[in-house]
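Read the structure below first, then the notes.
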Amino acid sequence: MGRDAKSLSMVNLWQYANPRKFMGWTGVALPWLWALGVGLTVLGVGWGFFFTGDDFRMGSTVKILYVHVPSALMAINGYFLMFACALLWLIRRQPVSALVGRAAAPVGLVMTLIGLLTGAIWGQPMWGTWWAWDPRLTSFLILALFYLGYIALWEAISDPELAADLTAMLAIVGSVFAVLSRYAARFWNQGLHQGTSVPVATGGRTIDDTFFLPLAIAMAGFLFLFLALTLLRARTEVRLRRLQVLTAQAPA
Amino acid sequence: MIALLLRDLALALRSGGGFGLGLVFFLIVIVLVPFAVGPERTGLATIAPGVLWLAALLATLLTLDRLFALDAEDGSLEQLVLALPAEAIFFAKALAHWLTTGAVLAVLGPPLGILLALPPGGMVPLFLALAVGTPALSFIGAFGAALTVSVKRGGLLLSLLVLPLYVPTLIFGAEVARRGAQGLAYDAPLALLGATSLGAVALLPFAGAAALRASLR
Amino acid sequence: MIALLLRDLALALRSGGGFGLGLVFFLIVIVLVPFAVGPERTGLATIAPGVLWLAALLATLLTLDRLFALDAEDGSLEQLVLALPAEAIFFAKALAHWLTTGAVLAVLGPPLGILLALPPGGMVPLFLALAVGTPALSFIGAFGAALTVSVKRGGLLLSLLVLPLYVPTLIFGAEVARRGAQGLAYDAPLALLGATSLGAVALLPFAGAAALRASLR
Amino acid sequence: MSAEGRAATGLSVAGLGIGRAGQPLLSGVSFDVPAGTALSLHGANGLGKTTLLRTLAGLCPPLAGTLLHDPETVAYAAHADGLKATLTVAETLSFWAHVNGTARVPEALGAYGLTALADRPGAALSAGQRRRCALARLVVSGRPIWLLDEPTAALDAEGQGQLADALEAHLAKGGSALLVTHGTPPIDCPRLDLGTFAARSPRAGAFAEPLE
Amino acid sequence: MSAEGRAATGLSVAGLGIGRAGQPLLSGVSFDVPAGTALSLHGANGLGKTTLLRTLAGLCPPLAGTLLHDPETVAYAAHADGLKATLTVAETLSFWAHVNGTARVPEALGAYGLTALADRPGAALSAGQRRRCALARLVVSGRPIWLLDEPTAALDAEGQGQLADALEAHLAKGGSALLVTHGTPPIDCPRLDLGTFAARSPRAGAFAEPLE
C-alpha cells in the first residue's frame, strides 16, 4: 500500500544519493564550461558591438540585443531546468537534482534581471519609456517573481528534505500557472514588443545574418555561463551539506 | 469531511462576526479606495471592477495565512491527517474558506459596486466573474498555505508564493468584469476563468495534500 | 527592549527572505494592479500614489495578524510581560514590524513607482510620505493586533478594527504623494501626516499595553 | 472509514528504523503487542519515543523496515492536546466522533468526568482538563490500537484512575495500547526500554550524507 | 531591572482570593515560604493551581486580598514552554538573559545538559528538551522567587535530577520556590493541599452578579 511505497522510496533515497559521482564529473566539466562560456560570450558580444553595422531602424541601440536576448532566453530556460530538477527530485528523490534546482534559481533570477534592465534601457530610446505593460515584459516580470518565491521558500524552511519537497511542488504548480499567465497576459493587452526572432525559441527568424550570427554565438556563451554558474553553486551546496553533517556528527 | 467543513465554518464564524466580516471588510476597502486614488467618478468607474477584484484578493490573503498553520500548531492537523485523507482535509478547508470569503464577496460585491459608480449593467457580469473566479483564489491560496504550514509568520511569504499564481485568475476575472461594465461580450474570458477555477479545484487538492503530508513528517 | 527588538527582527527574517519579502510583496501588488484596472499608462499614473499606499497598507495588514498572537499562543507573551513593561514590549514589537515593512517600502517603493508611470518628480514626496506615514500604520496596526491577541484567526477582524483607523493616515499620505506627483506644494498634508504618525507612536503604546495586559488575565 | 466493530488487533514491529530530519534515532526496533495487552515504552528525553509513535501512526516514514499494521487502525494521543480554543469539549468530541464514524460521545465524556465541562470552550480549560479531553478523543476514535505519548502528564490522581479504567476497558474489548511514560505507567503492563535500540552510527540522510 | 544580587526574598500569602473570568476558585489562601525554602502545592485538576501561580506572578488580579511581594521578583515556569520554533536554545536563553539583565547562559545550559543542543532550533526539540529549556529560563532570569507549574512533566529521570539540583542551588542562594505537582515534588519540601481553600460559595463575577 501507499505507505510501503513511500518507505521503499525512502530506501532508494539513500542509495541514489550519490553526490560523489556528481562532484566527480562536474569537477572535470566545470573548467571547460567556464572557458566556453567566457570565450563565446566575449566573442559574440564583442563581435556584435564592434563589427556589425547599425540597424536601419533601431540605430546603434540594436547592439543591446546581444545581451538582452541571450539573457532573456537563459532566464526562461533556467526555469525549465528548475522544473526538470523538481520532477527528478519528486520521482527519483535524488538530492543532487534538488540541489541543482536550488542552485539554478538565483542564476536564473540574475538573467531575468539583466533581461529586464537591458530591456528597460532599450525601451527608453525605442518606445520612449522605461517600462510598458507589454504582455511579454509583464510575463517576464512574473517570471522574476516565481524565481523569488522559489528562493524564499528554500530560505524559509530549515529541514532540507522538506524544503526540497515543497519547493519542487511549488516549481511544478508554478510553471503551469506561469504558462497560463503568459497566455493570459497576451489576452489582456496586445504589446509593442518585437515578435520572437530566434530559431530556438520558434521556427523562422526575422533578423538577418549580420545580426544573427554574433547573436547566436552570444547565446551559446550565455548558455555555457549559465551552466557553469549553476554547477558551481550546486557544488558549493554539496560541500555545505558535508560540512553540516560532519559538524552535526562531531558531538555524537 | 462534511464534519470538517462544518467545524471550520464554526471556527471561522466564532473568530468574530464570521460571514459579516467578509462584507464589512469589503465595505472598508471600497470606502478606502477613493481616498487612495481620488474621488473622480469617471476614474472610479473605470477601475471599479478591478478594485472589487483586488478586494476579493485581499480578503482571501488576509484569511489564508492561518488556514493550516493554526491546526498544525495546536496539534490537531496531525490528528486530522490520521483520521481523514489529506486530500479531503485540504478540500474541506479550502471550501470552507471560499464559503466564508469568496462566496460572500460574490453575492454582496456587485451591489456595493454602486459605491464605486459601477454601471448597473456591470453587476451581473461582475457577479458571474466573482462567483466563478473566487474558488480558484481560495484553492490556490490554500495550496500556498499548505506549502507554508511549517513557516511561522508566513504571511508575507505566503502572499509572495500565492499572488503570482493569482495572475491568470485576476486577468480573466477583471476582464470579464470590465467588458461587462462596458457592455461588451464577455463569454470568452468567462470560459477561461471557469477553466482556471475548475483546474485549480480539481488538481490542487492533490498537490496541497502532498505538501501537508510532507510538512507533518 | 533592544533585545526584544533584535529578537523580533530575527524572527521576521527567518520567516524567509526577511527584508527582501517586503520589497517583493510590494512588487507583486504593483504587478497585479494593472491587471485589475487595465494597463493604460495615463490611468495608472493617476492612481499610482494611491496604489503604492495601498501596497503599504497590505504589507502591514498581512504581517500584523500574528504580531502578538504567536507569542500569546506559545506562552512567551506572558513571560515577556513578566520581564518587561508592557509598553516596552508593544513599542519594540511595533518598531520591529515597521523596520521590516514600512521602512523597506519607504526606501524601495518610490523607484518601483516607475512601473506605474509615476513621474520622476513624484518620487521624493512619495518617499517622504511613506517614511513619515508608515510608522503610523505599524503602530495603529499593532494596537489592533493587541486588541485581537486572544482571537484565533483574527486576520479579518483585525483588519476591520484597523482599517478605519488608517483613514486619516491614508488620506494625508496619498494627498502628499498625489500633490508631489503633480508638482504642487505638499507641506501642509505632510505636516498633518507627521502629526498623525507622531501621535500614534507616542500614545498608542499605552493603549496597546493596556490591551495586552487585559487579554493575558 | 468507520472503525466500529473492527476485528480486535494487536501491534507488532520488527526491525524498524526511525529518525527525524534524516537523522536516524532508533534502529532495529522490534516488539510485539498482542491484542488485549499493553506495552509501556521508556527512554531518556530525546531518545526518539515520540518519533517512534509518529512513525507507527504513519506520520513519519520509517528509515528502515515497514509497518506491519494499517495506520488506519491507529489512534494517537500526542504531547499536544490538539483542542480548539473556541470549540467546546462536547463539540470537539462529537466532531472527532463524526470523523471516525462512531457515536460514543456521552461514553467518552463520562469516562473522564467531563460531563460537567461539556459546554466549556477549549480556551477555558485547565491543563489537566485539556489532557482529559485529548484522551477522551481516543475513546470516540473507536480504533483498536492506541498510541499514548506521556498520557499522565498534568493528570491528577483521579484522572490517572480514569485513564487506567479506560485502558482496561479498551484492552478488554480486544484492543491494544502502546504507552510512553517517564514515570510509572497507569496500568501495570510489560515495560520496554528503548535505549537498547538507540541508533549506533548516526547516519545523516539524503542531504547530509558524509559525501567524501 | 537587573535581578543580580537582589536581597534574598521569601514569599508569603495571606487571605488571597483568586478566580478566573470572574468565577472565584480559591479563597482565603494563606501560606508562607521563607527565603531558602520551597513549598509544593497540590490539588485536583481544575482546582485553580495555575490561576494561583498566575495571580502571584501578577498576571491575574486577585479577587480578594493583595500581593505582599513585588511581581518583579517572580520568575514563572508555566505549562507552556514559550519557546520560539526558529530560535535556537542558546538564542532563547541569551535573549532572556538580556531581558533580565543577567549573564548566566552557560551556567543554565550546563545545569540542564543543553550544551550539546545549544544550536538546535526550538522546533527541533523533543518535549523533554523543550521543558528543560523552559526551566533553564528560570536560571537566567536571576529572580529570587520561582513559581513552577508541573515542572517535571515530560522530564526523564536525569532531567528531574537536574531540576532538583537547580532548585537546591537556588534555595541555597536564599531564593524561594513554589512548586505545583501532581506526583511527588522533585525535592522534599513541605506539602500544602489547596483543596481546603476551594471557594465555598461561588460568588459570580461582575457580569454574573445575582442582580436582585
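Going by the order they are written in, the chains are A, B, C, D and E; count residues from 1 in each one.
Operating definition for what follows: a contact is a pair of C-beta atoms (placed from the backbone, for glycine too) under 8 Å apart; a residue touches a chain by one contact, two chains touch by 3 or more.
No experiment lies behind these values; they were computed from the predicted model shown.
Participant: Taking contact as defined at the start, I'd like the list of chains shared as neighbours by subunit C and subunit D.
Facilitator: Expected: A, B, E.
Participant: Once every inter-chain C-beta contact is counted, which two chains account for the most?
Facilitator: Maximum number of inter-chain contact pairs occurs for B-C.
Participant: If you take the mean of the Cα atoms for each chain, which one ends up farthest from subunit B?
Facilitator: E
Participant: Go ahead and note the Å separation of the Cα centroids belonging to subunit A and subunit B.
Facilitator: Distance between chain centres, rounded to whole Å: 31 Å.
Participant: Let me have the rounded angstrom distance from the C-alpha centre of subunit A over to the C-alpha centre of subunit E, please.
Facilitator: Taking the mean C-alpha position of each chain, the two centres sit 55 Å apart.
Participant: When the C-alpha atoms of subunit A and subunit D are each averaged to a single point, how far apart are the two points in Å?
Facilitator: The mean C-alpha positions of subunit A and subunit D differ by 47 Å.
Participant: So the centre of each chain is just the mean of its C-alpha atoms; given that, what is the distance between subunit B and subunit D in Å?
Facilitator: The computed centroid separation for subunit B versus subunit D comes out at 37 Å.
Participant: Which parts of subunit A, given as residue numbers and ranges, touch two or more other chains?
Facilitator: 142, 145, 148-149, 152-153, 156-157, 159, 161-162, 188
Participant: Going through subunit E residue by residue, note those that touch at least 2 other chains and give them in order.
Facilitator: 79, 84, 86, 123-124 - these are the residues of subunit E that touch more than one other chain.
Participant: Multi-chain contacts only, two chains or more: what residues does subunit C have there?
Facilitator: Residues 11, 14-17, 21, 24, 28, 31, 35, 74, 152 of subunit C each touch two or more of the other chains.
Participant: Can you tell me which positions in subunit A touch subunit B when the two form their complex?
Facilitator: Contacts found on subunit A: 142, 145-146, 148-149, 152-153, 156-157, 159, 161-162, 165-166, 169-170, 172-174, 177-178, 180-181, 183-185, 187-188.
Participant: For subunit C, which residues count as touching subunit B in their complex?
Facilitator: Result: residues 11-12, 15-17, 21-22, 24-25, 28-29, 31-33, 35-38, 43, 46-47, 49-51, 53-54, 57-59, 61-63, 65-66, 70, 73-74, 148, 151-157, 159-160, 163-164, 166-167, 170-171, 174, 178 of subunit C touch subunit B.
Participant: Could you list, by residue number, the parts of subunit D that touch subunit B in their complex?
Facilitator: My answer: residues 1, 54, 57-61, 71, 74-76, 78-84, 86-87, 91, 95-96, 98-100, 137, 141.
Participant: Applying the document's contact rule, which stretches of subunit A touch subunit C when the two form their complex?
Facilitator: 129-133, 138, 141-142, 145, 148-149, 151-153, 155-157, 188-189
Participant: Write out the stretch or stretches of subunit B touching subunit A in their complex.
Facilitator: 140, 143, 147-148, 150-151, 154, 157, 160-161, 163-165, 167-168, 171-172, 175, 189, 192, 196, 204, 207, 210-211, 214-215, 217
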